[in-house]
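Presented below are the structures under discussion, each in the form of structure tokens.
Okay, so chain A shows up in both of these, paired with chain B first and chain C after.
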Partner chain A sequence: MDIHELRITAELAMLDLDEREMKVFEAEVSKTLEYFAQMNAVDVDGLEPTTHVLMEENRAREDRTRDENLSDRLLEEAPERQGRHIVIPNVL
Partner chain B sequence: MAEYQSFIGLEIHIQLLTATKVFCGCRNRFGDEPNTNVCPVCLGYPGVLPAVNEQALLFSYMVARALNCDLSKTAYFDRKNYFYPDMTKNYQISQFHSPIGRNGWIEYETGGELKKVRIHDVHLEEDAGKSIHRGTATLLDYNRAGTSLLEIVTEPDMETGEDAEAFIQNFRRLVRYLGVCDGNMEEGSLRCDGNISINLKGKGLGTKTEVKNVNSSRFLKLSMNHEIGRQKRALEKGERIVQETRLWNEAQSRTEPMRTKESAHDYRYFPEPDMPPFRPSPAFIADVDARLVELPVYRKRRYEAEYGISGDQVQFLTEEKPVADFFESTVTAGADPLQAAAWICTDIQKNLNKLQIGLEESSLTSLRLAALINLVKEGVINRKKAELTLSLMLEEDKDPDVIVREQGWEQISDSGAIEALVTEVLQANPKAVDQIRGGDMKPMGFLTGQVMKLSKGQADPKLVQAVISGKLGS
Partner chain C sequence: MSVDPWKGILKDTQRHSAYLRYFEEWEARIGSFLEYRLSQDDPSDSGRLPLGGVPFGVKDNIAVEGYHCTCGSKILKDFTSPYSATAVNRLKAAGAVPVGKCNLDEFGMGSSTDNSALKKTHNPWDVSRVAGGSSGGSAAAVAAGLVPFALGSDTGGSVRQPAAFCGVYGLKPTYGAVSRYGLVAYASSLEVVGVLADTVDTARRVFDVIKGQDELDQSSALYPGLSRDRGGNPGAAPPAASTARIAVVEGLEGLSPEVEETYRSSIDFYKAAGCEIQPVSLPSLDYAVAAYYTIATAEASANLARYTGIRYGYRDTGAVTMEEMVRSSRTKGFGDEVKLRILLGTYVLRSGFQDQYYGRAQKIRTAIRNDFDRVFAAADLLLMPVFPVQAFPHGDTSLDQFQQKLADKFTVAANLAGIPALSFPTAPRNGLPVGMQLLGPVFSEQRLFAAAEIHEKSLGGIPRPHGFRSV
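Up next, the complex of A and B:
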């Protein structure tokens, strides 16, 4: 992977990497990609892609509301609130 | 001036009418207190396991089937990666590689003509939360996060804003008929973005722009037509069209470029590892098929061809499925179709508006309406008394013949009784009688009215006229 691609990937992942980290990751990510290249080389013609290890059965849920409501507990975890709204800095 | 061709495709999002969200058991409801319908799954906590809502799948397959799509035998979900505070996981669970439906088509009607639009795909995904921007802070409400959203992507087969407007109106009726979405564009349960490009005739698609923020079918029409004009003027000046997202500015009636980040979008789709693929069983597909209905566009055309109902009446009858169903069962119960249409579109509507209730909530049944229409047809009551009977039927929840009997409204069609009434009126109005005898027929209406009044509206007006004519030798 060249450094330009790595920069775009880091940007998409919202990672702020400095030059030293860039160097480290360039090597590490390249190694990971090589491993994927090995998998890519395997001939899988005619095989259905596996997207999940449980290929046998559907796992759908009935359209019924849960009894318990954890929303108050979850809201307590928010660092800043205004009424029941969660407050964050305006990032846009 | 060169001749251009325009191409419009739509990306439509509909909120499905499920009781719960698409991947968790939180309530799916509009207007609740902020952050009440949230749980670790839809707030994107680590280690949680989403499970797909089977009703959402059923609704999605119904829409895909109604749009004549190839249905996916193995539908799976993908993660669409992007960072935005209204989506806590930093990805949206959507479908990319194997959506529920593909390669469909649907006909819509505009100006009495059927036109066809191809459907690229139909895919199920989760909606995002809502953010309210207040100066330096943003307030987040995740009640909508994770609710089921079905996206329908059409091919660029429409040409004008009028086409797009007609298409979205037809589509709205379709999803309401299927009962999968309430179709409320103002509240955002049906949203629509328009993709549009123009090119010299015969040169194929041009560079497209996408127009967002269109929350009514009328704005869709206006924004598409505005964009056609803008792109034409740019090409005439020798400029190039920039591929971009634009917003519809309602106040200024024009589209404007949307502020975008420089870095290109790359959603890095990959299969959602938390959920197994969904393989619809034959029983599931049979259930989907059993829930399909005659689509509104065909129902409308059938009423026109079969019953000769047209214009606003056929539009009104087929706008909402319950009304169309009511009309049909009234006809099945033995009423004349044109009479049934007239009653439903005018008198019944007037009464329901006065009572401020819908047809389904009222005590009126199709059997009662058919009985009422037949009381008029058989001459038991006249049309005027029938209107009063209808009001009482709605207010008192009674059969029409019971009301007619209770009120003593049976029409007087006994010629002896009518002759007596006519004689009385003729004696009281010698001037009018002379006029008619002298060949001036003008007072006929007046005399008939007087007899009707004397009979308290119960005389058969046709018979009254005949008796007057007979007596005056006219």
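Up next, the complex of A and C:
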């Protein structure tokens, strides 16, 4: 992978890489992708992809009310809040 | 030995203070816990419940209400879990008491626990060496006798490898046998909550408590009453461990002399015990690591997209725009290994590359399942090493992060196939433990326990590190 591809990938991953990291990751990612390329030697014709083992069917939960309500405690974890609203930088 | 002597250790004042002293002396040397509370009262009726009053540790990527859940990352350093994982709740209902959160490689990504952004963990057998990973804190805590068992998670070997490095039992259950509710997601199609334990009996008892379907985890499975029989049908009695047919892999390369010798002597042990040894080949094993890391990093890039600094976790407050805030929070919050895996996963999922990497890896995954099906059509169990080397020193330059990934060869296949595997300790070599693993078809956990127990009995209990004291 070259620096250009790495930049695009980092952009998609929402990560900022400085010059040092660019160098380190370019080498590491390239080495690993080369290793992944070994998979090209395998004859996969006729093989179905496995996405999950043992996942037999979709299951729905029973439609019933529950007593617990985690929302307040989850909101307590927000880095910045006003009442029950999470504050973020201006988008407009 | 079983877990019973641990019952009520927190309640009895005299036993509690001796326990606290022992715990803190060891903990100062090995750093296995990120957080612990031993002063809490034992809320259970110790005598009545199956695990009444038994303390246990929990890997810090598994939620315990009221404790932090850091995943060993700066990005979740201050996050407190508002609820508990299903496995933790089931253990609590059985009377067990969670006493702390164990260190790990950041988000479970690593083989040494040195990738934790928050703490260093050392191997109780030799503190200049790593405890393995990613459930290194859990393994070290059990090996030192701080708790009789701890929960871990196994995505590609993260329970079995540290168990092997520290000389304890490590169960990676069948995929879906234990609910993942409350386990922080890394690679959802591969990972499972597992058990690190001081004896086979403890591992079995803990597994019996945590297994089974959970409405909060879509992928959790209804556990059959007994192991499946040789034809894979549920409900039939498992074969007697002493006459089991055990497959062994011929011509394994890259093993250290110590691990190779132990593999041979373990084969000899089961042969002498009356088992039928069947040499097999697993051709797809050569591609398991490539397929595994393709799938694991792809899933990681999607699962870790949720860390944005908006709703929870670390937020960089200096950013002016929303996008800057997300990028900067992620950039400052994640460590290098996590970033590397996110980048790899993002790349292999990019349009134009998907068939070449992710699609192909999923097909190789099928080939690996087929290989195991073939083996288990004729054998009850498969015996393999866990890792090519014993616990390595911190900062070992001969085994960098990339080489550590290649060394996952023997553990990742079980995750790709979704089958159970149990790592068990053998006689130490050069003063360090060596772990072997038994694998079986889906839902054959009881068969694994039975076979490991024969070996455990032959040792008269597994060896413990210097300074270990049983309760």
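Note that in this section the second predicted complex is superposed on the first by the 75 of 92 C-alpha atoms of A that agree within 3 Å, B and C clash if a C-alpha of one lies under 4 Å from a C-alpha of the other, contacts with A are read in each partner's own complex, and residues count from 1 in each chain.
The rule is short, and it goes like this: contacts are C-beta pairs under 8 Å (C-beta built on N, C-alpha and C of every residue); 3 or more make two chains touch, one makes a residue touch a chain.
Treat the numbers as computed from the prediction; the structure is a model and nothing was measured.
Does chain C touch more residues of chain A than chain B does, or is it the other way round?
C
Looking at the overlay, what does A:N69 touch: chain B (first), chain C (second), both, or neither?
first
Look at A:T51 in the shared chain and tell me whether it touches chain B only, chain C only, both, or neither; answer first, second, both or neither.
both
Name the contact category of A:R59: first (chain B only), second (chain C only), both, or neither.
So A:R59 meets both chain B and chain C here.
After lining up the shared chain so the two structures overlap, which partner does A:L6 touch, if you call chain B first and chain C second: first, second, both or neither?
In the superposition, A:L6 contacts chain C only.
Could you say whether A:P89 touches chain B, chain C, both of them, or neither, answering first, second, both or neither?
Both chain B and chain C are touched by A:P89.
Now for A:F25: first (chain B), second (chain C), both, or neither, which partner does it touch?
In the superposition, A:F25 contacts chain C only.
Contact-wise, after the overlay, does A:D16 reach chain B, chain C, both or neither (first, second, both, neither)?
A:D16 contacts chain C only, not chain B.
Touching chain B and also chain C: which chain A residues?
Looking at chain A, the two contact sets intersect at 12, 14, 48-49, 51-52, 54-55, 58-59, 61-62, 70, 74, 86, 88-91.
Okay, in this complex, where on chain A does chain B touch?
8, 11-12, 14, 48-49, 51-52, 54-55, 57-66, 69-71, 74-75, 82-92
Touching chain A in the complex: which residues of chain B?
So the residues of chain B in touch with chain A come to 18-20, 24-27, 33-40, 43, 51-57, 74, 76, 81, 83, 85, 132-142, 263, 266, 268, 271-273, 275-279, 281.
Going by the contact rule at the top, pick out the chain C residues touching chain A in the complex.
Residues 79-80, 82-83, 174-176, 189, 215, 218-219, 221, 284, 286-287, 289-291, 293-294, 301, 305, 308-315, 317, 319-328, 330-331, 334, 336, 339-340, 342-344, 346-348, 350, 356-357, 359-367, 369, 401-402, 405-406, 416-418, 442 of chain C touch chain A in their complex.
If we count contacts the way the header does, which residues on chain A are in touch with chain C in the complex?
1, 5-6, 9-10, 12-17, 21, 24-25, 28-29, 31-33, 35-36, 38-42, 44, 47-55, 58-59, 61-62, 70, 73-74, 76-80, 86, 88-91
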